[in-house]
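In order of appearance the chains are A, B, C, D, E and F, and numbering begins at 1 in each one.
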């Protein structure tokens, strides 16, 4: 991959997204620079929160057995960040890390970092838009361990940046135990992220993940093990990484690229191209044809035809 | 896959099973139509329960440190379904989903659905028969997270069918967190199922799994991501799916087929044939030779010879 | 693999290791006989413990929010084994297996088996030496679920050897649920082990793992499923097994060998050679060149060049 | 006390009670025979339950912070006895007596004993009618430890009668620890009981308490300590016992009698008379004047004038 | 008691207090008007907090087994109110009232009501000054259930005043269960309060307690039971109420009065006089002689000589 | 009370006690010197422990619902002190004081102090002998909060003597909250103690309690409040103190004396005499007549005849 090869897609090439129409879907910009933290999107936050409340109220009315849970986690809270702080604190606490301590930490961090709150809202929109099995925003907020793991990571990432490393690592450890998602607090993760199913995801210390990326379960963004320095993958905007894919070393997966399920990727993957197999081979890329980024379209089986062609 | 291709094996071809002789092993019919829910097998239930009680009593006598656990989970209960409800409730509860609520839910569902109870008994017999490391029925009931995840799924599946979707999804989420097994409540799972080790298993919304199927850990029955409709695999009776295999899309894995460990399967696999590799290739099938279905014989390394031939 | 093929490396080839000068990583003796339990190394234990206390004290001073956790888990204990027993008991306990019972069990077992304590110390040194993301011994002790899973396994292994099998299996089950690491209590594991990230590791009943082995997450040392006998892999000293690798059957992975990420290995791998791909192929080995065993050097991407050569 | 001295009041003197018109307080029939268990009153049960649900719904709407609690304890349950079983199980459970076990026990006992359910409803009506600080039926059900202690006692009493004494005593012990109310499971307690504040109440093995009795906190119905036989007080219908009163030995407190706060009573107290002081003296009784029994009127300070007269 | 009879002492009569010299003791004004909430005393708050931190640090250094507890409850918090909110939340939480919810409630209430914080500080000074067994401010904050009960009451009182009655009553109930102290949220309690030992204290709805009052365990400030209106005692400033005393009805206990242990008081007690016995008799008062109010001098046995004189 | 007045009874007057023939109640030697800690009585310990095991086994067989509890608390332990340490740790633990920490503390203290173990055994014999409602040794060990509070106190007393005061006070506080029994760790308590019902017992810092004393609930051994020095009661051997009695100041209650229920005692009580009333009066004592000390005969109503005589 040459130095000029972009991690982010050419935003000029992006037409309107015809996404699963949720009314009105927040118009995430897939071509945005993969900066982290992402810019403010407060409008999204309050709109998503109102949706979550409405869904939770509907479910509480329909299912009394779940109403207590829904009031505790959603309906008794004044905002998305309080709800999220409460839910995470009660999931990640242990006999030696009390929920009240974690709640304090999450409330304070979310209050001080609007970008972390905005990214949470963007992740909710991402799950709702991309995952056909996602029954609603509240479903994602309450039940998606990938979503919860990413939010806890963002708080750990803030702590890491503040040199509160022991606490950040303790948080990483709890997330790894409770959600089976292991993200080093130093890793930089964009917004609009979907970790679908999420079990077994591992993201290393110097990894960077852009915006609007979709990562299935068992995906590894691993190191080379060689040295202490920059040794993990850099994932561009709008990338889709299939289940069980293993990407190792300081390689670049260009914006809009796709990595097939079960692939082992040790090389750069150009933007809007695809990599499949073990070891992964590049199988073309029809740049300019797709109007939707694969990280958003979630076409997991894109490579069937191509691969068949290739392998036979 | 053609319309006539059967998901279930040709039952006429099935002789007596020479399974690991447990005396007397319940005679599961591997050629049964992969219907769900399965027919009643109350005899099995009570026989298995009496075995579990005997094993638990033996272990409680031999190991006082474990006696409290065994009395709480097994020996204080009048039936398999109460024991199972108790054990699941205490494993899946959280600070916001109390064990008493879950216990109520499990007791009521198991009481009202004999087929769910019978399937649990069949799963216990399956684990006992197929897994050489299975030390007994009680061992499976108490310690196999794959077994427990499947039983919780069956309850969630009933709730889903009753349109109690929010509760079904909350249950799925707890199972995914506690057991690292993520089965969508809409997925239809047969009886006589063995999820061995189970960590990381993902089964999608429109997947169907027949009877007497054995699935190792890290197996994905995933969607194509393309659309909302029928998009997940259909697994026939008696299929064996090796560790880490990824099967994507609405493909059919025929009755008695085998999928090799680490395979990535994007195509139909005919009955009694095998698929290995990434991407998976079909490597023949000696229909009529095997007297035992692979989902039951658990021959994980069937493909060594064949594959070696193929790949060299 | 012939009878004479060594599981352990040629110790004559090993230079002196300048231990505990952590940077550059301590080169643990890869040529040691893969015996288990390992010989006494009490000096290590006390030195590591003093390091852990110093790190915990530093972190407690710097981060009041974590001080309570650090005092509870480390600073209030007189020795590494008491700290470990406390930490494991509080992590593995459940509503039906109380922490006090587990604590008793761990304290008694560690007190009676110096080799288990020594192996724990060796594992800490291994993590500290090999994992660039390891922030210290205390970090590993408190936060590495792979480390904790292995220590709990060693206790279960002792129980198994004492024919306290029901208790050993109950412990295995808790480890599988809490850490998503499933090691059969009968499996023999050496010392100086690093289970990095660890989610999804499965090690079967008759597996043997030598000393100074590094195993990444999602690795399976699985059985053939055929029979009850010796059916799992034998891993030599100093082996490195990459993320997601699946090794099946009673095959031998020779000392100093490397198994690539995502590989499916069904054959013996000679010492100091490498196996990559699905199915795995041997891609040479430069015996005599390396002074450090791969299990310690952690070069995950060794096979890029070789593989590229091979596959193109 | 002569043999003919009635423990119950003269029922002929009782006018019709205008029940459930809570203000003015419902005048429960004090002349009922102090039988135990009391007769069925299912109509009351369902009426009270509908009131509780309405109150809980009102409070959940007004106070989101409490809604989760109210749904968990009241609004998710189909009946008073399920709500009560849930609430008691979660209050009385401990690390060695799991909530699911207790819930099972309470549900089964309440289902099999309508009189226990009816007595619970009568106690709720009693608290609502007599205690000016009682904010509603739900308030009493959820917050009155005296009410909860009495309900748990009734279950223990059933167990005792079934010769399940070890379990009955374990339940007594939990009630004594959690609510600081110590009632021996053999003690027979009527219906329409109000234990106001309740801390420190002790009721011994052979004590009998009639219907519609009000007992303040710190009251002891104690034994003589002399022997194993019948050695505790017998309290008639409609009796009021003030705070801190100590009644010792097999004495009879006649129907409609009053015992002053802080009194130490070692003698029989005739019906509708009063006892005050340490040691208690009888201070008259204006039989026939009161239309409401003191246990229901709750006039704690009745003895001021009389006592002043007496003591000066 | 005439209308003009003061509940507060004659402040002009107050010389310097020679209290247990703690350097420098906050100079509480015993003659202050028994208003509630009390005026700001922020200086006290920060001074007391610095003392608590110093004591906790000393104890954590001396007793590693307690260090985790001390860091969790005191040393990790930035202020007295956060420490108190944390400690109360973890003590009063239950399976249906989560600690995070209570913590939120306590933090918000204490932040919004400086007078509640100041009263807490004054109570700590009171305990430290008056109770010879009080080992320090931290001892009181962490271990005195009377102190903790009063602080929780103050929060409940604020909620009551805000018409959040269901929540206030739920809080009262938890305090009654956990600390065996039952204070109606409507009761008005001054500052500088010592509830010594505290078990069994009951304070009714319309009770008023002035400043610098000391109340021993088993004390009842009870109602008459007659009606809904103003029916509980009014306790003046600087009053001392001995163990087991029962004060019933809307009577006034004048400033600086003493009530003997075990007394039953049904009448007004003039300022600086004493009441003893059952029923209580007034035994004089040497107004002007005492330089310290009894609520602060804690002379429990004042009445021995006087009573002996009186009763013989 | 003169200086020479003995706190312990005249041992010469004591016949041989036919111990352990529980029915009739074992007559413990009331004339033993009230030393603390008491001498070794290991024989008792093992005999009592064998009884407890037999009772627990009987109950576990008869009541499966309780078997888990009985195995956890009794049947899985090798000795009385381990069982006691386990049971206390699980009762007294909190979210900030973990059960494993307390268990460690109790195990270590009981192991190092045989006299504390012997005193526990003597207390069990005392409860079994004196309390007609005591169903067995196991009943007392598991269910008597008075028994458990005293054992925890003895551990706190050891800590206090070792100048581990902060930990001793924390333990006192947990006992006061959980059992509503408040005993200052500095108080010296003999052996063969029965705290019957126990709610609300308060024993101050400089109190001394001899051997074979029986104390009912709500009893206060309180201070004068005047000063820091020796200010609490000294209770001789074999004393019986009735429910709700309040004894204040550094007074001496002679060996074999009785204090009536509800009494307020401010004066010395000679050996084998009785004190009743508020304030308490001495009502004679028939020294030499009783062969059994009142603390053991538990005659609570001794004073009825005498008092009647006296008061009329």
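Criterion: contacts are C-beta pairs under 8 Å (C-beta built on N, C-alpha and C of every residue); 3 or more make two chains touch, one makes a residue touch a chain.
A quick map from chain label to UniProt name: A, B, C, D, E, F = serine O-acetyltransferase.
The model shown is predicted, which means the values in this text are computed figures rather than measured ones.
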Chains contacting each of subunit D and subunit E, listed by label: A, B, C, F
Pair from B-F, D-E or B-E with over half of its contact pairs in common with A-C: D-E
Far-end chain from subunit A, centres as C-alpha averages: F
Interface composition of copies subunit B and subunit C: same or different, split at half: different
D-F or C-E, whichever has more C-beta pairs in contact: D-F
Where subunit A and subunit E are represented by their mean Cα positions, the distance between them in whole Å: 52
For subunit A paired with subunit D, centre-to-centre distance based on mean C-alpha positions, whole Å: 57
Distance between chain centroids, defined by C-alpha means - subunit E, subunit F (Å): 30
Two or more partner chains touched - positions in subunit F: 65, 68-70, 72, 76, 90, 95-96, 98-99, 101, 104, 180, 199-200, 218, 244, 262-263, 278
Contact graph of the chains (line, ring, star, complete, other): complete
In the complex with subunit A, residue positions of subunit E that touch it: 68, 72, 76, 86, 89-90, 96, 98-101, 103-104
Subunit D-facing residues of subunit E, complex: 94-98, 101, 104-105, 164-167, 169-170, 172-173, 176-177, 180, 182, 184, 199-200, 202, 204-205, 218, 220, 222-228, 231, 244, 246, 248-249, 262-264, 266-267, 278-279
Residues of subunit E touching subunit F in the complex: 20, 59, 62-63, 65-66, 68-70, 72-73, 87, 90-91, 93, 99, 130, 132-133, 135, 139, 142-145, 178-180, 197, 199-200, 216-218, 242-244, 260-263, 276-278, 297-301, 303-304, 307-308, 311
Residues of subunit C touching subunit E in the complex: 60, 64-65, 67-72, 75-76
Partner subunit A, residues of subunit F touching it in the complex: 95-96, 98
